[in-house]
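Structures incoming, each one as structure tokens.
What follows is a pair of complexes built around subunit A, which joins subunit B in one and subunit C in the other.
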Partner chain A sequence: MSISTEQPNEVVRRSAAPPPKRRAISWTQRPGWMSQHLGTALVGAALGYWLGHWFGNYISSDYSYVANSGQNSIADTLALVMGVVGWLAGIGVLNYPLAKIAGREGKELEDVKDWTRYVRLSSDHKVVGLQYVVSVLLFFFTAGLLAMAIRTELLSPTFHMFSADTYIKIVSEHGTMMMMMASSIVVGPLGNYLVPLMIGSRRMAFPRIEAFSFWLFTAGYLVIFSALPYGGFPTGWTGYAPLANQAGPGMVSYLFGFAIIGVAMAAAGFNIAITIVNYRAPGMTWSRVPAFVWGILATAGLMTLATPSLFVAGLFGILDHTVLTTFYVAEHGGSSYLWENLFWFFGHPEVYIMALPGFGIVAELLPVFARKPLFAFKVVVAGELGVAVLSFFVWQHHIFQSGIDPSMRPLYMLTTELISIPTGFIFLVGMGTLYKAKIRFTVPMLFCFAFFFNFLIGGVSGVFQSDVPVNVTVHGGFFVLSHFHYTILGGLVFAFFGGLYYWLPLMTGLEINKKLSLIQFWTMFVFFNLTFFPMLIIGLLGQPRRVFTYARALTGLNDFASVSAFCLGASFLLFAWTLAYSLVINPKKSPLNPWDSLGLEWQTAQPVPVHNFERIPVIMTDPYHYSEEGAPKLADFGGGSSARESSVPPTDNETVLR
Partner chain B sequence: MARETMNEEPRHLRRLFAVWFVSWIIGDVLYWLLLGPHMAPGDMTKSAHWNQFDLNVLFMLCIPVLFGVWIYFAYATFMWNAKRKSCPEPVGGPAAETNSRAQWSWIWITSVTVVLLAVYGTVALVGDNGSGGGEGPSPVWNPPGTVKANTAALAGKATWQPNSDQVLVVQVIGQQWKFTYRYPAFGGFETSQLILPNDTAIVFDVTSLDVIHSFWAYQLSVKADANPGYNNVAYADTEHTGPFQVHCGELCGIWHGSMFNSGSVVSQTDFMTWAKKTEAQTAANTANLPPMAWTYTPDANGASGGLYPDGTVTPYSPSETYGAKQPAS
Partner chain C sequence: MTTASSQPNFPGGTPEERESEMTTASSQTSFPRGTPEEREFEFRAHVGAMWSGSRLFIAMYTFLLASVCFAYFYLRSSNNAQLWRPHNVTAPLYYGWAIYILLLFTALMALFGQTRFRKGSVNDWQIAGWAGVLSGLVALFLQIFEFTKVPFNPGSSAYASIFIGFACVNCLTIFAGTYWLETTLARSLRIRKELGGTNPELSTAFTARSLRANVSAMTYFWGYIALSSTLFLWMFYRF
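Entry: the complex of A and B
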């Protein structure tokens, strides 16, 4: 069921005898500056933006959103829409579908070998994975800088660095960018890079859709960033209407940005889920699929099913802004509750989109460094799937006090608390795997331990929110804020960093400097907790979220959190330096399989060759047979020897990132 | 070989259990004595009192959970560390992959705990009439007398006397960027001061004039979103006099951060004096206010509680506008 026999043969043929070079190359595929790349994408975006803006003004020049404001939301919206279309056309996403529509045979993507493939449309999942690494970090650092601005403002309740207006827009931009980034931080980079390697496939099911999802994701970054020059938006990442209806043109960037990020997520999720279901190597039965891939599969399902609701919510908001519909305006027959429900129906699965990949990474890394098999594999899978399913039935706990039908409250309290059962499984699995293990405290393992420490606090503080009576005190305050930073930053981002430190040697063939990464880990872990633990207390003492001023008595705690946050920011700078030092300034070749992992992804050459495996492996067992005498071999790589032994050393062209 | 090493090894689980059990008992007792009485949100109202108790129950439940995991990880870091010379070689194989007793007991213990928590939360919620949370326009858990008092308030027939066990109706109107309060029992005057009588059941009718706000009276343990066009009802039963904080709990625009003030719970006679005085002082202003209504923004049909203070519009009435079935609530 899982694999077509034709696909491996076809690729084997290709790798055995490289295809003849194509002679006639159209202008869109000519290598060098004239072909399509990031530069043409930027030009396309600028042209599209200009065209959309002109057209919007042309058709509705006197159609102000607010009387005499000079703000024409139709022009703003069309500018962004056309800008994104221009961006996609400029990078070349549209070539293939347009050719097909025109009834012609679409051209295959050019096989660029040099570094410029990282700024081009690529159908290689490894290239897309690394593109994602860079862009999620760009997202993360941009939004992180905004967090520094927030903590600077909160140093004093009376002395203000920013105007109230600027401050609330910084808060909103920070939250939105971080949420957009976090929903792709693992699935984008690691999911795209590793899933085919872990299931023994040479490719993704739909490489074009994969590339499309990435370039749409980056367009989302540009669109949400455009909110700042547009004057920002005041609604926070939750974008509640009717405040959103009242807001200026920056709101359109939020609504449209979130909508296209939703499309990008759905496309990525759809592609990954289908890849996992259909492209597993022979013998890769469901019980042999690694825990990380299960986590990504559950996440991909959530991404595909939850984001349409976000898209619709954003679309309604854009219509409210442009053609003055009143979906969210109670006075004219709409409802402010419509946004709340649509948004959180997406928003809660989104929360687990930001948790499950972290579970997957941790479950994947623990056995390697504990030198023991993964404990209770079926429980991990059940936990990941259980969380995914239940996450669709809990969204109203975000709006317990909003005035919705109160009789549903006990139900949502129950479902929300039930979800902590499958969430708790990750602790059972972690503790079981560590039992009588022989733990090597490498940097990735330290990140796993930190994940458990942080996620425990995040998870336990979540139970407080779900209890309706306690929710009255903690909702909308710093307690919630701290809770979700503990789960997303403390859980997911820690797991992601652990995963990066673990898999970067595979991706780049280079070693990450141990000393630097160790310092980076400890500063990040310590200052993360020193930043966010005080916020739990601040929240219990009654400080609401998103405020620029607060009770004088809370100055000490807020200052402590701020100073720690600056140190946390410095630890991320150190992370950037660690990567720059290890990969660019002083690169050292990493030994093959430096962690002694049994994972399939490590059994091929390092860095991974273009087609992943010499031959499609036949999987014999699951990849967790650590410390087991007479354990079965993981896979048959064909010809009696593993691909790793038989593969030729990577050629210059294949050395990634150098 | 493997079996021999196991026999020599200490009984890890027993050891862990003992350390865990003692430490969480100590942790819980210390918590109960030192932190519990000071926990948010205090005991100014009945719901605050119960919510504080609920918060303490949750904390005392989470202490064993936190300690359990932390102690286990600390123990693993120490005992099963590859750097430790006496760390035995791990044993893989089927026995290390599953242990159905451990798995099932984990699943059962967490499931039972979680379901009990949900049952407890429901009992606390229902027993305390919504725990001070906003229950929307048609609350299902009502303290005695509140529905009648609220209906009377809308009809302009609200009254309140000290020492009469009467329910006091207060309307909270959120607007960018402050809360104002109307007291229908005293001619429906509007003020930005929130003064409440002690030992009194209070109904808050929370609505908004513009965007979503959230009326959060921290010490009263009341939190109810203020939505334009909707009435969100929350209850409080005051038990102590003193000042309390009011914040906006839902991001409502630029000055959200400064949308706070303080109110106070005073004795019933003091409240009566204040209310009568304010009623008289604001009489000229009150005459220009729209009649008391659940909301003050026009509904879908343009009918309104009083955006237009010409006296011709009828108070907003969902049942008249939509028949028996109310819109989205």
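Entry: the complex of A and C
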């Protein structure tokens, strides 16, 4: 299809005729404080919480979940539900669905131009992306503080800072918050911000669903955080019954928080998947879709299809706590294995929801800094899709120890081992791209190398855990704990940080201080490995996780891991300082396309205009033709905004680029 | 090229142009300064998003309902403590049938309405649609009211628990379907005013085409509800 570059007729006509009447902006979205924003959301949440709690006590004042405990789960649940409704109403999410009942379309959203748009409902995917950046970092640092508490407790096997009960609740809160955060850490910030730019679209398919998913995600953070003042929950992030059924009101926060995070994830995945399928620019065939977008598409598919079972599992758990159903109580006809199956049917795809975006980031960044085309592009796509599909068929390896029919074990052992094959594709493609490359050792590239290093350890330590005998041996210990920290923190979070360093100049128009970011990388990489590698040994020596005491002989290794963990925590503080220094204290304008990337997202103006591209680009080829003589031009921008074409002269190494 | 001076009787352009401008802006499907080709391109993407979005939504909902089905058959086959369904107690059959028939009726009304809508019969679409909304609301009321009429406590058996869980999900399903139907109808009424009397059923304006895509997607979802309700009727009331 061809896109005309002529100015639209309307522009000419409007110059002579009276301008068409602009639709009114709702008072709720106008600049100033007399509108809807984070403050009104907080007020709405507080009012909703109070109202729900009052109503719950009103209808069930003589009810207590545990006899004589004074615990009224109905009031607690209604308080949380109404609190979330109040939060969404306060920020303005409900305006549009309510207006539609009367057949009206929603009022325009993005009229606010100053910084306050970041604390309001916005239909601009770039604003939502940056909102997500701040939110996931808040999630990350909150859960990270809890990790510091865990490592402090483990400094000594005999001297305790916390009681055993408090310790397990800290572990549970840490694990749950980290898993919630990690499930959105790339799709939320980078997926929302970059996908439309990378596919040549001016918008998301369903921007209001996108905004809804973000504000529900933040509500999920508040709900799961509320578990702490409610007394916590003792189940770990997996929330197994029957312990979950015996737990206090903090468990309701866990169940409800996880359920609404599931809805937020499904909504985000739904919107992004539909955007990629339908809003690709002309010429953006599937073979030209960037590897990062493929990774996000595979992840979005998983988010959309896997999270409903989490929602159902959470709903059943809440019903057990409130109306005394017995889904997970074997003595009354239920089954604790029902939770395990429903949870892990979501939980194992969840693992790849966390891994796939990391693969996508690395595959996107490697060619830029290797100055070579991405090796075997289709194999990357096959790997990402293969992992996504297979991830639905492996969940029972999580319950090898819990009572699965032994005859079923080999099947799930095999499917789990199979998934290492498409994962291996990503490594092979990475190595193929780096082979004989003139590598630029920039900070984002260093994070890519760290990703491969860490994920290799995480992958190798994981693949044989699918073998039943090994699984039986290492299950529930620090070996498994170290394995998944290597894959999630060492893989996904390192890739995310690399992606942030790479794309922040595009997002903010500012340069990130190189010296600080380099120091931050090395401290993070070194202390990450010094923290978690000893844990592999600790685990093989038999230390169980979620237990606050251990054999005295393991004190040295534990102390070493703890001190390294504190240093790792300090490296994250250094990251916060790096951002504060580069973006606020000493901001320096970033050069256009500082990495000489061929990615479409870098070819638009900087800062990125509200509608991304002045003219919809027509895509000519894929964005990986680095150092190729006579390579076709990436896209025809129709005389519109291309940073390369309209704003700056060709870079010094333009010939190398092509 | 059309200029304002050549259209003195139509400030802002001809009715067709006004229609195109207004509907583009109001439906927010396109960049306001886009060329006509760009606006058409983005509009087609928007219609495609409606089509694929409704299918993906159904896929997502299938996983939700499949989780309920899994729980049902898992607990049934486990039959822990012989408490799957003691004394073969079931939820009230007449409520189940009533809800099912109402949902089937709503789905048929949506389908009939859509068929007539495509042919430009405004009244048939409106009457069938509002009858469907009414039927959906009654079904929702009955589903909620049934909670007070079940002959068991929620924790008395595995069947009782899963029925309560299913009924909650079904309330959500009926509400979602009815809301979609109602908002589509309300939109079609309002569009007629916006289009200045042009029939949305036959108009080529962006908003009207968007509405037709929406009606199609909504009808598809109601067909899905009818189908899944048949399965759940069999599971919970007859099986």
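As a convention for this text, the second predicted complex is superposed on the first by the 607 of 658 C-alpha atoms of A that agree within 3 Å, B and C clash if a C-alpha of one lies under 4 Å from a C-alpha of the other, contacts with A are read in each partner's own complex, and residues count from 1 in each chain.
By our rule, a contact is a pair of C-beta atoms (placed from the backbone, for glycine too) under 8 Å apart; a residue touches a chain by one contact, two chains touch by 3 or more.
Quick caveat: nothing in here was measured; it's all calculated off a predicted structure.
Chemist: Mind telling me which of the two, subunit B or subunit C, contacts the most residues of subunit A?
Modeler: Of subunit B and subunit C, the partner in contact with more residues of subunit A is B.
Chemist: Once the shared chain is lined up, is A:323 touching subunit B (first), subunit C (second), both, or neither of them?
Modeler: Once the two structures are laid over each other on A, A:323 reaches subunit C alone.
Chemist: Is A:402 in contact with subunit B, with subunit C, with both, or with neither (first, second, both, neither)?
Modeler: In the superposition, A:402 contacts subunit B only.
Chemist: Given the touch rule stated above, what does A:371 touch, subunit B (first), subunit C (second), both, or neither?
Modeler: The answer is first: A:371 touches subunit B but not subunit C.
Chemist: Tell me which partner A:546 touches in the superposition: subunit B (first), subunit C (second), both or neither.
Modeler: first
Chemist: On the A-aligned overlay, A:333 touches which partner chain: subunit B = first, subunit C = second, or both, or neither?
Modeler: A:333 sits against subunit B and subunit C alike.
Chemist: Should A:427 be classified as contacting the first partner (subunit B), the second (subunit C), both, or neither?
Modeler: Only subunit B is touched by A:427; subunit C is not.
Chemist: Which partner chains sit in contact with A:274 here, subunit B, subunit C, both or neither? Use first/second/both/neither.
Modeler: second
Chemist: First (subunit B), second (subunit C), both or neither: which does A:100 touch?
Modeler: Only subunit C is touched by A:100; subunit B is not.
Chemist: Of the residues on subunit A, which ones does subunit B touch that subunit C also touches?
Modeler: Comparing the two interfaces on subunit A, one with subunit B and one with subunit C, the shared residues are 330-333, 335, 337-338.
Chemist: List the residues on subunit A that touch subunit C in their complex, please.
Modeler: Result: residues 1-14, 16-18, 20, 23, 97, 100-105, 108, 123, 201-203, 205-206, 266, 270, 273-275, 277-279, 282, 304-306, 308-309, 311-313, 315-316, 319-320, 323-327, 329-335, 337-338, 341-342, 345, 611, 615-616 of subunit A touch subunit C.
Chemist: Would you pull the subunit C residues touching subunit A in the complex into a rising list?
Modeler: Residues 1-5, 7, 11-13, 17, 21-22, 25-28, 31, 33-39, 41-42, 45-46, 48-49, 52-53, 56-57, 59-61, 63-64, 66-68, 70-71, 74-75, 78-81, 83-84, 153-162, 164-165, 168-169, 179, 182-183, 185-191 of subunit C touch subunit A in their complex.
Chemist: Show me the residue ranges of subunit B that touch subunit A in the complex, using the header's touch definition.
Modeler: That would be residues 9, 12, 39-41, 47, 50-51, 54-55, 58, 62, 65-66, 69-70, 72-73, 76-77, 80-83, 87-93, 96-99, 102-103, 106-107, 110-111, 114-115, 117-118, 121-122, 124-126, 128, 130-141, 206, 210-212, 214, 216, 218, 221-225, 227-232, 245, 247-258, 297-300, 327-329 of subunit B.
Chemist: Once bound in the complex, which stretches of subunit A touch subunit B?
Modeler: Subunit A reaches subunit B through residues 164-165, 167-168, 234-236, 238, 240, 242-243, 246, 330-333, 335-338, 370-379, 399-407, 409-410, 413-414, 417-418, 420-421, 424-425, 427-428, 431-432, 434-441, 449, 452-453, 456-457, 460, 463-464, 466-473, 475-477, 540-542, 544-551, 624-629, 631.
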